[in-house]
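What follows are several structures.
In what follows, chain A forms one complex with chain B and a second complex with chain C.
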Partner chain A sequence: MAHTSAAAAAGHKPKKSKQSPHSGMSKALIRRETISAYCFLLPSLLFFVTFVVVPMFICVFYSFTEYGLGGVKGFAGLDNYLKLFQDPIFHRGFLNTVLIVAVAVPTVTAFSLWVSSAIYKMHAIPRSFFRCVFYLPVVTGSVAITVVWKWILDPYNGILNQVAGTTGFDWLGNQRTAIWFIILILFTTSIGQPIVLYVAALGNVDQSLVEAAQVDGATKLQVFWKIKWPQIMPTTLYVMVITTINSFQCFALIQLLTKGGPLNSTMTIMYQVYDTAYRLNDLGYACAIGVVLAIIIAIFSAIQFKLAKTDD
Partner chain B sequence: MTKTRDLTGTSKGYRMLSVSILVVLVLFFLFPLYWIITGSFKDRIEITARQPIWFPLSPTVENYTKLFDNPAFLWLFNIIFISFAAMVLTCITASLAGYALGKKRFIGRGVLFTIIICAMALPKQVIVIPLAQEMTLFFHLNDTLWAVILPTVGWPFGVFLMKQFSENIPSEILEAARVDGAGELRTFTSVVFPMIKPGIGALAIFTFVNTWNDYFLQLVMLTSDTKWTLPLAIANMQGEMSTDYGLIMAGAALASVPIITVFVAFQKYFTQGIAMGAVKG
Partner chain C sequence: MNMKRPLAFLLAAGMTLGLTACGDPSQPGSSNAPASSSPSANSPDSSAVTLDLWSFNIGSFTEASNWDSILTAFNDKYPDITVNVTPINYQDGDQKLTSAITSGSGPDIIFEGPERIVGNYAREGLMVDLSDLWSKSGSDIAEGISSVSQLDGTYYMYPLSAAAHCMAINYEVFEAAGALQYIDEETRTWSTDDFKAAMEAIKTAIDNGTVSVATPGIVYCGAQGGDQGTRALVNNLYSDYYVTEDGTSYNANSAKNVQALTLLKDMVKNGSLSANASYAAAEELQAFANQTCAVTFCWNYSNYTQYAEQAQFTPFAMAFPSDDKVPALEMAGPYGFGVFDKGDQAKIDAAKTFIDFVCNDQTVGTQAVKTTGFFPVHSDWGDVYAGDADAELRAPFALMSDYLGRYYNLTGGWTEQRALWWPMLAEILTTDADVQTAADNYVNQANANIK
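Now for the complex of A and B:
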């Protein structure tokens, strides 16, 4: 089907033009390519537009309305956004989100790089073993991992208190410790993919450069920073971006372990979106928080791209 | 001689240290899974014991019997169906679209690719509120498995990954197919598809695992207990009967062991595919 329509289009316009930006391609060929390309793209675009683009625009629209249990009550202008600035829960959520990202991104990146450098030269079997083990928390599933941690951290029945001799201490019910356990569990579920990526990237580093440097008397550390580090930079950038996005979106952990408490000490922007929409039924405000979250993530990703570019 | 010490001598002590750290880490990363599985075979007394019980001393299947008093098989079926359907649909649509983006020069290509990249950074959860309404008001699919499947297919990561793979196909081969008179669809099925197979394999596993783990979407979309998925059911049980860890561990074991088996079996395929697709950035 795609073929016939493309051929028909090509037949109608046999005129050639050399001014086209696609050098060496005739106008007719471009048209033919464009039509067949969109035929290939159509199924995917249908899903993408219906379930990503349209909801995104509706979300932005709702963020300017007052939208409670009974549906849209009216236009709210910038009220929802102005409310954000005075909302202490949002402030807390913002700071916690920044804390999670600021701790998780460097530790995940550095740690996965360290593990990968330790294992990438091993034989295939131990290498896949280690890679598999570190990926295990991802595959086990966010809910399964979270509920087992809840049991481990249980004040009386949990293994942590029994081993540490701190019976009765509620790690998740304590304002100071709760967020650190969220970060720890997030960390264990985040390093799997970076390790897979780094092991591959380190394996692709140009060995002749490494050998040349060693002959010239470079130390291991010098070889790493001067030769390997620049070559794995694209991977580092990718790892940082996906870890940032994952940390921003961490949800199951908070919903199942603390529900943002105690006293909002584990509240994040992401969890506030859910809480505002489904517990407080303030959908307009929830959408506004969501839009702000999207903007914050975009800014963070842009900054990382900038930093990585200037590093070269 | 000092120089060789620098290169190999110091690394011996360092290697000992790094291997021992790795072993400790492996134990730490394996422990939650060990605890789920052993916990699911512990009886009530061992579960609520105040001192550590490292291994079920009197193993029992009572947690599993309790679990199957609920429609646990239905929940397991639901999550397998959702993940499988999302996987198949994503692989088909993404490989077609990725090929077009990777190999065809067409009007609007640059813009489209930028939009896809930007959408990948978008937090999925942000759009879930309007998405849930779209499902209810427009598609009448609320509280059905399709309400989870369809939005998952719309997510553009697969297109991005498949574009990375398609770019490796030499243009000469496509040209040769055209000269031989193969139509667009024929070129795709008999030339492109075999060449991007490893990518599709990686995408398949990736989509399956991610859909299985997309707790947020399941939580928002599936409300009645016959539509629950196993992870969602575990989460809800955990809320209701906060102390019955034995039952919850049985559910967690049932939910995680099949997917871990799938992952370990296809591990090589998966790790290679993901690394190949991403590093090219």
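Now for the complex of A and C:
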């Protein structure tokens, strides 16, 4: 342990042990444990395959068909995908989605790390209090949250206009401001989980390394970057990937607040999937949009994994 | 090989695609047991049929229990047919129906209007021919209602009730602002100039502090909910139509409609109206009930009953203003039934029996009509509200039926154009966009879907 930590503190990657985790175990025991592990995995695996993997392949299949309310009318080939390139709403939705991700992911990650750094050393009671405060929007229903924000942003009776003295200004009905309020509300509902994770991750940082670095005269910034940051990197990666996926899939806020408007200024790819499928009943095209969104998310996730340079 | 990375990608992709491909788990009839209001006394036998009826929240048909007395009467006469009612609403009803229909678990009967029954489902070949019901009992139903219940000469909907969409004013605010002079209280009509003058009078009264509303009126353009109001407002101002006479083109870019849109834009600019791209009809109605605005463009008896308790003023139903004071209102409904063709003749026959009973039995039909809050499509039934305690309150809405205009909601590409109408309004009324250009763009896009 000491060897590993010292190597990490020195900025070197710890050498992976070539020893098998099963060293010293009999083959029968390994087999028994493997079977037990699969048994434990089975319920969630069944659920995952039934409700995620199978629909995923069904969706890919339908994306190549002309699929409406009356069922599959024929094979569409790549038509649904080609349509995407000519669809200005998709283009707008793509740009808005990228904007939401580009703003939300770094701000959520940075803010939650900042808050966690401030509270993880606190006494248990205030620490729990702050965790509760920031986690509250996560457990509060999105409908309740949007209703409150609607009140705040109402053009005539909203608190924001009362405070700002801009009575009548339609924050969610203005092309320039609507998307930023979507991002703001998404931000408030996204920071809870990262804060809880970061508080736990920071609490697990090896204090002996921190103390050793401090004894060696390391500044607070150096301690953070050289000691803490590498150790919380897996958490950071998880937070970034989850926030990226959540941002890409931002739907409820838009459905409840703006319906993609005004003038598609808050349209996202995810909302277009819903709108195309359930309002326009063009299910084949909706599936194609969903497939493209999945590919985009996978690319973003791959980039994040690559940048984070970790195997976790 | 390290499997974590590909597994993570698979998870990310699956989480996205799952939403598209999976049916909504909250859909009625799947994980959530449908609210059943069927009598349980029936003993099943070989001829027993169970029907699923999905009912949109029309009038007071908001809960399954409101069907109870109708179903009890039906089961007294037809004990072998059980009807399970699932109420759905306009917020997510389309999503639930789409999920259910595509997964093969859709209802047997739907209670809605021709826009969905004929325009959406019959056009997709999903509905049963109801011409036999029309032949049997439809002779006293008005031609306008008959024509919208059919597609290519085949009847797919059998109607129960209908009414007219109108608007309403806050009577006390109009009185305080001196704007009552601009309305004809007897006929409940007003001219475009009267409307303009009334709104300006209220704006002046707001500025003077005479009235406490925040704005004279709100043109909502944040979603398609209640878009019949904004359609009727634009079309009536200079007496034009939403769709050309031959139904081959949407018509927002006609000279008269552009004139109407320009007038609204000017009124928004001078403050005698507001335009809100974050408001749909529900928000505007709430603002009207809260006395935030002095008029609503989305009114009917159903909305009246919904907001009556909240409104601490007199909501006075009015026809939409028009230059010639001859309004052409959009029909609310006609609301009625359609039967999904699921290949089960016994269910189809039972569904027709149910529809025939609810729509053609005058006693039960009257009860059903009153629950919708509208008026019967059978002219032979006369005034079903005569003698009722609230007959006087309903009178203005009965008057509105005299102003019914053309029904254009079955024009091809209707669903698609609805998604274009309110963004066009938002573009015109909340930005500096050129009215004619925005209207032309809307018409070009809307016409692309007319088949």
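Methods note: the second predicted complex is superposed on the first by the 263 of 312 C-alpha atoms of A that agree within 3 Å, B and C clash if a C-alpha of one lies under 4 Å from a C-alpha of the other, contacts with A are read in each partner's own complex, and residues count from 1 in each chain.
Quick note on the criterion: a residue touches a chain if its C-beta (ideal position, glycine included) is under 8 Å from a C-beta of that chain, and two chains touch if they have at least 3 such contacts.
Remember, it's a predicted structure, so these values are computed and weren't measured experimentally.
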{"item": "Contacts of A:155 with chain B and chain C, given as first, second, both or neither", "value": "second"}
{"item": "Chain B versus chain C as contact partner of A:301, first or second or both or neither", "value": "both"}
{"item": "Partner chain in contact with A:234 - chain B first, chain C second, else both or neither", "value": "first"}
{"item": "Chain B versus chain C as contact partner of A:78, first or second or both or neither", "value": "neither"}
{"item": "Partner chain in contact with A:212 - chain B first, chain C second, else both or neither", "value": "neither"}
{"item": "Contacts of A:68 with chain B and chain C, given as first, second, both or neither", "value": "second"}
{"item": "Chain B versus chain C as contact partner of A:164, first or second or both or neither", "value": "neither"}
{"item": "Which of chain B and chain C A:290 touches, first, second, both or neither", "value": "both"}
{"item": "Touched chain A residues, chain B compared with chain C", "value": "B"}
{"item": "Partner chain in contact with A:95 - chain B first, chain C second, else both or neither", "value": "neither"}
{"item": "Contact residues of chain A, present in both the chain B and the chain C interface", "value": "48, 51-53, 55-56, 58-59, 62, 156-157, 167, 241, 245, 248-249, 251, 270, 273-274, 277-278, 283, 286-287, 290-291, 293-294, 297-298, 301"}
{"item": "Touching residues (chain side chain A, partner chain B) in the complex", "value": "1-3, 6, 22, 25, 30, 33-34, 36-41, 43-45, 47-56, 58-59, 62, 115, 118-119, 128, 130-145, 147-152, 154, 156-157, 159, 162-163, 167, 188, 193, 196-197, 199-201, 204, 214, 217, 219-220, 234-235, 237-238, 241, 245, 248-249, 251-252, 255-256, 270, 273-274, 277-278, 283, 286-287, 290-291, 293-294, 297-298, 301"}
{"item": "Interface residues, chain A side, partner chain C - complex", "value": "48, 51-53, 55-56, 58-60, 62, 68-71, 153, 155-157, 167-168, 170-175, 178, 241, 245, 248-249, 251, 257-259, 261-264, 270, 273-275, 277-281, 283, 286-287, 289-291, 293-295, 297-298, 301-302, 305, 311-312"}
{"item": "Contact set on chain C toward chain A in their complex", "value": "2, 4-5, 8-22, 94-95, 98-99, 101-102, 120-121, 124-126, 214-215, 221-223, 274, 276-280, 287, 290, 292, 415-416, 419, 422-423, 426-427, 430-431"}
{"item": "For the chain B and chain A complex, residues of the former touching the latter", "value": "3, 6-7, 10-11, 18-19, 22, 25-26, 28-30, 32-33, 35-36, 39, 47-52, 89, 92-94, 96-97, 99-101, 104-109, 112, 116, 118-119, 121-131, 133-134, 150-151, 153-156, 159, 183-186, 188, 209, 212-213, 215-216, 219-220, 231-232, 234-235, 238, 243, 245, 248-249, 252-253, 255-256, 259-260, 263-264, 267-268, 271-272, 274-276, 278-279, 281"}
